[in-house]
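Below is one structure; the comments refer to it alone.
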Amino acid sequence: MSITSISEVEFGVDLPAFEPDTSLETASKFATLVGWGGARFTDHEAARKEGLPGAMVPGILSQGYLVAMIHNWAPSAEVKSIDTVFRAAVIADEKHQITGVVTDINEDDKLVEIDITVANEKGETRVFGTASVQIP
Amino acid sequence: MDQDIETLRDEYLNQDFDEKSFDIDPDITIEYARLCGETANRFLDKNDPDFQAPPTFIASLSGGRSLPKGFPRFGIGMDAGKGVECFSPIKPGQAVIGRTHLHDIYTKTGRSGRMVFTVSRIEFFDQAGTHLANADSRIVMREKAK
Amino acid sequence: MLLDLHTHSIKSDDGRAKVENYCQWIKAKNIPIDGFVLTEHRQFDAESDYSDLAEKFGLTILKASEVETEYGHVLVYGVTEALTQAFDFSSIELSLERVLEVSEAHGAVAVPCHPGRPRVGMFAHTEELGIPKGVKIVEIYNGGSRDKEDQIAIDNAQSLGYLGVGGSDSHIVSHIGRCATRFDDAIENIDDLVAALKTGKFEAVTLKESV
């Protein structure tokens, strides 16, 4: 269900979760697009040689997914800030889930705070953070 | 706080060490938005009256240097996190200026030596000098045990 | 009584949660805890007073610290001003045995946290550094644990005869209450908590499935 106004936002509500495209193909395309074409984002074997468990999804792509989730939930939302902590690598070609939940509503300033998480199939948090969005 | 870190804070924090002009290419911002899963026209359609770069796009922009000249390299740096603060939309097709300063330096436990965290902030301005956004990059460097 | 013994607020450098939002979350989501302890990184937050929030939301809100030693991170409950003078809470090179000893001397209780975690957990260092003296309690359930970290903590605690506590290690609002500690007695203040930890009348609880 899409949100069009802050009056529709409820504390504690979960944003519609989605499974992002964490394929190596997308991670690799993205990394190349932003000029981060190193092996750690484009090749599993080469990433392992660097000591990683596999090629990673770039952190800012994870951040982009989180914002897309917010926009899909509230198309008129303006992201005022987003801060993400990278706890562990998001490995490409592994399934992950992106979740968000409303943790603060300021009706005067029309600001909503959202806890955001990227977790792997085992439910382990790989990226977490908060976003502050303005909803009319 | 460790004395060497205190000294670095005194010497380097909040001083611009880099300035760079970025041409915001609409084709790149559209592809960026698409790969992130954005579906709104304002990120995907050049003809949309509110066409703009996705809010996290600026986190992908790098200045000429990520750390000030002379700042010690404690070890290999890994991405520890990103933050973005948006004041006004970034409009593709325009040039923006990014000025970088070291915003914070701190340490945490490492098994073999310290982990030194740095937060570099790029402040983005349009040609008129309007402050559009900030992008923070947290880098962690694992220091080798002495 | 169920308390989350390990949480962080915006006072911690990587914390993103405001305490009031923790309280709102617990009530709105019926998180089955009676309160929580703020264990801010490398500091004791002497300034903040959460008594109004505690009263408003009917929760027990206590303050403690998470410090850093050669064996990883350690929670310290019962921090006094004198204790903050006895060692540098902001140092990342504390000696675990000294933290344990000094805490005890000041009536506080120090508990190695996430001991099964690489690098920042106690059991990652015992092979190299030996079993530290003075440990009585470790955190066996941590809400941020990955892989087999909790099981490593449980197995080692059992073989060494340590008691176990639980805490969420939450850094964002929605992660509070994932793990907690059940106490036989009512806990209204930090002295009650310290006394309860010293009696050993508690049990670590994981609530990860239900929150």
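Per-chain numbering from 1; labels A, B and C assigned in written order.
Throughout what follows, a contact is a pair of C-beta atoms (placed from the backbone, for glycine too) under 8 Å apart; a residue touches a chain by one contact, two chains touch by 3 or more.
Predicted model, so just to flag it, every value in this text is computed and none were measured.
Chains that touch both subunit A and subunit B are the following: C. Chain pair with the larger contact count among A-C and B-C is A-C, by C-beta pairs in contact.
The innermost chain, defined by the distance from its C-alpha mean to the mean of all protein C-alpha atoms, is A. Measuring from the averaged C-alpha position of subunit A to that of subunit B gives a distance of 17 Å. Separating the centre of subunit A from that of subunit C, both taken as means of CA atoms, is a distance of 28 Å. Work out the mean CA point of subunit B and of subunit C, and you get 33 Å between them. Chain contacts: subunit A has residues 83, 85, 129 touching two or more partner chains. Residue positions of subunit B in touch with at least two other chains are not found.
Residues of subunit C that touch subunit A in their complex: 14, 16-18, 21, 24-25, 28-29, 144, 146-147, 171-175, 208.
Subunit B contributes residues 1-2, 106-111, 114 to its touches with subunit C in the complex.
Those residues of subunit B that touch subunit A in the complex are listed here as 28, 31-33, 35-40, 54-56, 59-60, 62, 79-86, 136, 138. Contact residues of subunit A toward subunit B in the complex are 18, 20-21, 26, 29-30, 33-35, 59-61, 63-65, 67-69, 71-72, 75, 78-86, 129.
Those residues of subunit C that touch subunit B in the complex are listed here as 13, 41, 68-69, 72-73, 90-92, 118-120, 124-125.
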